Amino acid sequence: PGAFAQEPTLTVFAAASMKNALDDINTAFTNETKIKVTASYAASSALMKQIEQGAPADVFASADLEWMDYGNQRKLVKSDTRVNLLGNRLVLIAPANSKTSSVTINKDTKFTELLGADGRLVTGDVRAVPVGKYAKAALEKLGLWAQVEPRMAMAENVRAALALVAREEAPLGIVYETDAKVEPKVKIVGAFPEGSHEPIVYPAAVTTQGKPDAAKYIQFLRSDAAKAIFEKYGFTWLNKPAA
Amino acid sequence: MMLSLDFAKRLGQVDIVAKFDVDAKAAALYGPSGAGKSSLINMIAGLIKPDRGHIAIRGETVFDSEARINVPAHQRNVGYVFQDGRLFPHMTVRSNLHYGRRMHRLPQDQAAEDRVVALLNLGNLLTRRPGNLSGGERQRVAIGRALLMQPRILLLDEPLASLDSARKAEVLPYFERLRDESGVPLLYVSHSADEIRRMAAVVVRVADGKAFGVEDAAGLIA
Amino acid sequence: MMLSLDFAKRLGQVDIVAKFDVDAKAAALYGPSGAGKSSLINMIAGLIKPDRGHIAIRGETVFDSEARINVPAHQRNVGYVFQDGRLFPHMTVRSNLHYGRRMHRLPQDQAAEDRVVALLNLGNLLTRRPGNLSGGERQRVAIGRALLMQPRILLLDEPLASLDSARKAEVLPYFERLRDESGVPLLYVSHSADEIRRMAAVVVRVADGKAFGVEDAAGLIA
Amino acid sequence: MPTLTPEEWTAIKISLRIAALATILALPPGIAIAWVLARKRFWGKSLLDGLVHLPLVMPPVVTGYLLLIWLGRRSPVGSFLADTFGIVLSFRWTGAAVACAVMGFPLLVRAARLSFEAIDPRLEQAAATLGANWFWRFFTVTLPLALPGIIAGMVLCFAKALGEFGATITFVSNIPGETQTISAAIYTYTQIPNADAQAARLVVIAIVIALIALVASEWLARRAGARAYGYE
Amino acid sequence: MPTLTPEEWTAIKISLRIAALATILALPPGIAIAWVLARKRFWGKSLLDGLVHLPLVMPPVVTGYLLLIWLGRRSPVGSFLADTFGIVLSFRWTGAAVACAVMGFPLLVRAARLSFEAIDPRLEQAAATLGANWFWRFFTVTLPLALPGIIAGMVLCFAKALGEFGATITFVSNIPGETQTISAAIYTYTQIPNADAQAARLVVIAIVIALIALVASEWLARRAGARAYGYE
């Protein structure tokens, strides 16, 4: 009953990686508007398919453009409410005690040397997990993909990739800057140049069946109060209307 | 006619063929180990289905391959004391004893129960479970269980084999009384010529799976 | 001294207390159902541990609560024919027969095997599994299994109970020969005074869990 | 460990409710199918057996998707249930219980089946000669004797329901107070930075619950086993 | 269905290899622990039982994470294995097999334990009087009689290994040609928009493999069961 009670309530389906920030924002939103928010955090793919099957979601916040596009095509979200909320940067990390200290990432970077004889380069799944997709695009653009492809290890999500580097299983990893910054057992040793990949974007939108109050929620996500919270958790504030 | 049968059944490499009519109050099956006595009784009880033939118990046909009659075991109302006990391990001795009565929805008959319990000396076993009963104790409970269901025929597969002679001497007369007074006919497997002469009017000899015809029990000389 | 024992054991509500020495080639245990005969034999075989006391088989102490001796069952070299058969269901009759010999690493003795197989008429059962043997067939295999392990004492718990008289008449002399020629002493549970008089020189009466002293078998009158 | 937060309490209560309902839901069909697989020979038996094992063989997420498609409110079955009985599974804790029941089903069936197979059919024969028809034979002899396996199966199903999140989160999402179980909460915490401590707390809670359930089941099973095998 | 692509073949081969190794790895300790749980009474038995069930109770991702911590190359156990035997688990299919073995372990143990519990101890006593010491009793009587449950447990473990990906992917990640199983591939496709067709193909393949394994195991179990219960 809780989630579907009579009092004004919004249900937000959001990518799991946004939980920390959104929990705080939801509290702030409720304080301000007296509208309760229930958030369901899971993989963007699962959430979108649930919306497709009639889930009672009012707002969808994705870690990934592709699943938002999927919803757009199927008219599951109101495209005019869509906003590219957050951005992020792609960085190269190494275990905190690694000898590798600073790597310039360009077309001449020798990843095979940096990885040693049998080291792996971990990131998200290059087909399915956003961070992996960005990483692959960047490596391809730099002409490094052929070199590193046999050395890739693909984790199920950013956190798992981070854990593999933190545990020194892998000498190098490609993750989001936000995640790298809060893990003390890793250090950032390089950043991917601007333009080596599409901008990293976390979009949000009201679902087609979303309650009128959902627009207020999107509005709140774009407010300065929300900005402060997102930035506190390391996200880059973007707040661009979708093209 | 207490029992009328004529059937055949192949079991593994053994052919069981039986054809006889018994009209005595008690009959014995007599024959060497592996002859087919238990198999024969199983078919009368409805636990094994003959390949062909017919079986009638006290005039009622319970199996007829041509008329496609095969009354299921639970409707034959046949009391069966198995050679191997087969007590229900998860029930107390008392529940074992009452099982048949309950299944037949018979009212509890305390007098009958007391009689059977006393006769078989089950008094201080009633609350125990079969798991650690002695061999003879188990056999006695099995006999009691079959008696208390008020069957229309009693099949006894070596019921006294593991009883001591004192107990035997007590149980035999009870079977006799049962036979004579309550009119429940007995079909009795035994290896003891003495026992058979005492219990049964007629004997069916079983050998090598064959059981044909009936002879006088008095003439039995082991 | 074939067997010397003096022990006590509490089993449920029954106290088993035994104290006797037997120095005959064969002794019988005799007593009503539930008296404690099987329990007594189980303690000799090492399957139940007495609470206190001692047991010696042919001069060797196999249990002594004070000296903290308790030879495990598999080292007592005691042939045991169980009241309830206990054949290994996953082995053929032949594998059952050979089991004890194999475990004792005895060489295969074809002559002995043939003798036992013929005696117990197991010839056409050898490749079968115990699952659907008849009651008597099972008993015979169990006897054969215990004989073939060449035990230093044979414990027989109602071994002939489910055998027909013809088979009994064949097996009894074999036991006698075993006793007289190979010198394997027998401890024999039976309800038949006849059998006991024939087999055993002495009788130990068991009643209500108590087994004290030894009497002459010849004096046994059921 | 400091005292539990209200959210943790909620997740615990939901987990227990879901695991209990899942076990109850899986039990009757589980026993029936276990019995059929143990005792009957029929055409398509391997197929049925395969079907039962599917939730084990497929990634849980796939099971979750299939449930979403087959039992969601847009599906024929889902709308039939909703219209006829007013039962809505999508995004409700009842739906989570259904998902867990499906995931635990193969475990329950296997354990029950093993116990059915181990029962001596001669005891059922004895019951038949004593006048018990199929129904009574099953409920007075077969079922009580299979109890140890059935309890073991229920434990496996309950435990799996506590640990399951892949199918659940995919079918009914991860809604606090409604479908968010301890497992789903743990999973969520593993997805965000610096939440290892919260995740660890919940893992400990899950372990404690599981241990309590196990000890209780052991005790039950010991009693049932003692009865089934006849020693006491 | 069109013919399989080389990548699909590779994933199938890896899945089978991992599931087979996982089952083999889980078998000896599984049998040992099942036997101990079935036959012994000791202090801490419930705890051992609880420990065995843990992989069922915890979200697979957590299990994978714990494996990473305990068996990774920086862990004492992991570095011991690497230095002494040259066994490296991280990022290797062997590591995936270890993860699957852990996940399947509770299922294997339960099934085997049920069979051990159902064995009539009087048969072991008979073997003892015939001169069999503990070792021979176990291997000639106990183990053969428990075979139906052990086979059932192996099937569950194998099936679970085919379907498992949460613990695996967390422990050894997803490396095509090394650790990418069918399940991991299916999962990946479920995360890609509009890749349902590819996912469905792989699901069908997984089901076919599972059915073949099941039919084979049924056949084995029937033989073993016939022997254990003595009918043939």
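In order of appearance the chains are A, B, C, D and E, and numbering begins at 1 in each one.
As a working rule, contacts are C-beta pairs under 8 Å (C-beta built on N, C-alpha and C of every residue); 3 or more make two chains touch, one makes a residue touch a chain.
Labels paired with UniProt names: B, C = Sulfate/thiosulfate import ATP-binding protein CysA; D, E = Molybdenum transport system permease.
Bear in mind that the values here come from a model prediction, so they are computed numbers and not experimental data.
Determine the shortest chain-contact distance, in steps, between chain A and chain C.
2
Touching chain B and chain E alike: which chains?
C, D
Sort the other chains by how far their Cα centres are from that of chain E and give me the top one.
If we average the C-alpha coordinates per chain, B ends up farthest from chain E.
From the centre of chain C, which chain's CA centre is farthest?
A
From the C-alpha centre of chain A to that of chain E, how far is it in Å?
Each chain's C-alpha centroid was found; their separation is 35 Å.
List the centre-to-centre spacing of chain C and chain E in whole Å, with centres computed as mean CA coordinates.
Computed from C-alpha means, the inter-chain centre distance equals 45 Å.
Indicate the whole-number Å distance between the mean C-alpha point of chain A and the mean C-alpha point of chain B.
Centre separation, chain A to chain B: 79 Å.
Roughly how far is chain C from chain D, centre to centre by C-alpha average, rounded to an integer in Å?
50
Please set out, as single numbers or ranges, the residues of chain C touching at least two other chains.
Only 84, 132 qualify.
What are the residues of chain E that contact at least two other chains?
Residue numbers touching two or more other chains: 61, 65, 166, 187, 190, 229.
Check each residue of chain A and list the ones that touch at least two other chains.
Where chain A meets two or more other chains at a single residue, that happens at 43, 160.
Throw together a list of every chain pair that touches.
Listed in label order, the chain pairs in contact are A-D, A-E, B-C, B-D, C-E, D-E.
What residues of chain C sit close enough to touch chain E in their complex?
45-47, 72-80, 82, 84, 86, 88-90, 99-100, 103-104, 129-132, 145-146, 149
Okay, in this complex, where on chain A does chain D touch?
1-4, 11, 13, 16-17, 19-20, 38-43, 46-47, 49-50, 53-56, 157, 159-160, 178-179, 182-183, 233-234
Touching chain C in the complex: which residues of chain B?
11-13, 31-34, 37-39, 83-84, 124, 128, 132-137, 139-140, 157-158, 161-168, 191-193, 222
Taking the complex as given, what residues does chain E use to touch chain A?
Answer in residue numbers: 61, 65, 68-69, 72-74, 90-91, 166, 169-170, 173-175, 187-194.
Could you list, by residue number, the parts of chain D that touch chain B in their complex?
122-123, 125-133, 136-137, 140-141, 144-145, 227-232
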